[in-house]
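Handing you a structure now.
Chain naming follows the written order as A, B, C and D, and within any one chain the residues start at number 1.
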């Protein structure tokens, strides 16, 4: 067996999980509270530590020390299983997303498989089980409604989610996410191709279906992660919290954090597909203007700094998208359930389909 | 294709397959089927069929079984209460299944190539999405389009079937 | 009579909803930006900033007993406040002032004067009913304690909160 | 060492389990699930044969995998139609038990 591969993979998993994803999950909760407060002219949590920065730690202790209560007449086994199922898929999706170029010659992606985007969809579609099971096992009306709503919503929006990315793979010709990033480094980001021969009108023409793709994909991600305006499964005002009404303590926290983990992986996939992944071109004036590529392939410490810079770039982009998620949540009202379904089936599904044809026609008939 | 990966996943799949049949609660059956499908997807991947394995998870575990769960919840099917067990039918059914299994095993045992190991592949990684796709849109173009029509017909059929009669 | 409100007919630009969504996002972003730049006036940050200097004169905080300028307790234990108190938060045990005392003109004084601050509703009835102007609702509003017993204000505590109230008080006046 | 026979045996056992489920169970929804098990048993043996018949180019025989793809598609359509029939039956009879669905006409 290839021990080097196994060791580096385990190191990458541990580093990405414990140094990046879990802190990011807990701090996105803080960011949510803080940003929402700012949008609503409040201060938000600002007591624990400077500017409330230790709030997630306090939250963690609070949730851990709360009484873990199992209501009577629940289906105990599934009641315990559901929170785990809610958290897991969100985290293991990140395995195929390239979050950096290379560091010490090791590619910064945990598993570079040739069915990358399909893996993302497959695992993301398993996320619904946690919610459905929680709703069913709670043996209570509101969670049940939340679970049923969630299952039909997820199936409906997976269609537009899957169809929206097809133009990208028509262009790249490969389902590997690293190829998508490499393509974008050479030809410019999907929705803003300013790198390479950026005066080429063909590329800007192609950016048009890509922007449609991006809009549909982003909205479908909103629906898949149960974020407002699509948070029907957990609508507080009508379902009293939906599928996690009956949960308390750390089990509730797992649902809560699972939603944020799904948000982070969703943002990471959007960044990889549409915003060039870890790629950030720097302007350079060595013999005329051009974009310089920073990556970890340079020898010595410059490579290390470049690799770290790429990782930082990637997560900075993810953070910007997370801010966008929060910003949208505190702007738009919730849809009615029939509106949500109609939007998914009669609007985004069709847009994504037509978009595929537009991209295919441009690729086939417009000379590059 | 190491036995270390094959046997655990095969046993997992078979165990949960049995659980599908013997569980009284339809939700438990459906969830066992999901685990069984995940084990099957792992077996596909151990056979270097990554595309099929992922499609298996995506279609079966991600969509079909969610549909099953949705219907079970929609109809609010509870666990069957212990009705009068028809022992004759039960034993008969199991006996027929066992006879079928015996036949299958006999055929496999007499198959010469069944005792050979899998030949090695040319490369360790290859783009099987591309290869399957080329075949699908090349030699199997007509069946592929017929499948498309079939799915369309099924969609229309489902819409007609699930429409409430106007009274 | 029921009135049917007809739905507004939207033109195609309104039916797209995108301009409205973008406008909404712009509004929330404006609020976020103003808050970030410190332009938004926010609520008082309580433990650091306090109400004390902003409290109006008619504010009704914790009830308290007052002394006069000679240091005498004004309360004569007439128990009117105990009777009037709607939640029955006040408990008074009157005591007799011995005739040898310097201030023997007044017969009674409160031996015990407890106000249960868990029950008190800050209605101000006691203040209104007091014939001797001995009980006032002061401006204390942060009344805390770890136990129920802590939340009962005894006489000493009430006098400490109340402080000294100047002015002529009738009952000590020898001529009356 | 795992041989082709091992995969085929596992596939056969899975098929028998699904078959037994169809024969023994009376709940229509479980019968549908057992049908899925049988279809997947067929898929497993197809993929095993695909990997066993390595082409001269050194790749697996993808014809079988295309078959599996078709089977999965047809099965998905079958499930959709089957569940729709089940919902229609449930609306008419309030049951999913095959014992209670004995009349030819609704």
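One rule holds for everything that comes next: a contact is a pair of C-beta atoms (placed from the backbone, for glycine too) under 8 Å apart; a residue touches a chain by one contact, two chains touch by 3 or more.
What you are looking at is a predicted structure, and each value in this text was computed from that prediction instead of being measured.
Participant: Please identify the chain lying most centrally, where each chain is represented by the average of its Cα atoms.
Facilitator: Of the chains present, the most centrally placed is A.
Participant: Can you work out the whole-Å distance between the CA centroids of subunit A and subunit C?
Facilitator: Each chain's C-alpha centroid was found; their separation is 51 Å.
Participant: What is the distance in Å between the mean C-alpha positions of subunit A and subunit B?
Facilitator: Here the centre of subunit B sits 29 Å away from the centre of subunit A.
Participant: Taking the mean of the CA coordinates per chain, how far is subunit A from subunit D in Å?
Facilitator: So the centre of subunit A lies 34 Å away from the centre of subunit D.
Participant: Could you give the separation in Å between the centres of subunit C and subunit D, each centre being the mean of its C-alpha atoms?
Facilitator: Spacing between the chain centres: roughly 74 Å.
Participant: For subunit B, write out the residues touching at least two other chains, lowest number first.
Facilitator: 51, 55, 63, 67, 74, 126, 128 - these are the residues of subunit B that touch more than one other chain.
Participant: Looking only at which chains touch which, which shape fits best: line, ring, star, complete or other?
Facilitator: Topology of touching chains reads as a line.
Participant: Could you please write down every pair of chains that are in touch?
Facilitator: Inter-chain contacts occur between A-B, A-C, B-D.
Participant: Using the touch rule from the top, collect the residues of subunit C that touch subunit A in their complex.
Facilitator: Subunit C residues touching subunit A: 21, 24-25, 27-29, 31-32, 35-36, 40, 42-43, 45.
Participant: Mind listing the subunit B positions that touch subunit A in their complex?
Facilitator: 27, 31, 34, 50-51, 54-55, 57-58, 61-63, 66-67, 69-70, 73-74, 125-130
Participant: Looking at the complex, which residues from subunit D come into contact with subunit B?
Facilitator: 1-10, 12-21, 23-25, 27, 29-30, 32-34, 36-37, 40, 43-44, 47-48, 50-52, 54, 57-60, 62-63, 65-66, 68-70, 72-81, 83-88, 90-91, 96-97
Participant: Which of the residues in subunit A come into contact with subunit C in the complex?
Facilitator: 35, 37-43, 327-328, 330-332
Participant: Given the complex with subunit D, which residues does subunit B contribute to the contact?
Facilitator: It comes out as residues 1-3, 6, 10, 13-14, 17-18, 20-21, 26, 29-30, 33, 36-37, 40, 43-44, 47-49, 51-52, 55-56, 59-60, 63-64, 67-68, 71-72, 74-75, 77, 80, 89-90, 92-94, 96-98, 100-101, 104-105, 108-109, 111, 113-123, 126, 128, 131-132, 135-136, 140, 143, 147, 150-151, 154-155, 157-158, 161-162, 164.
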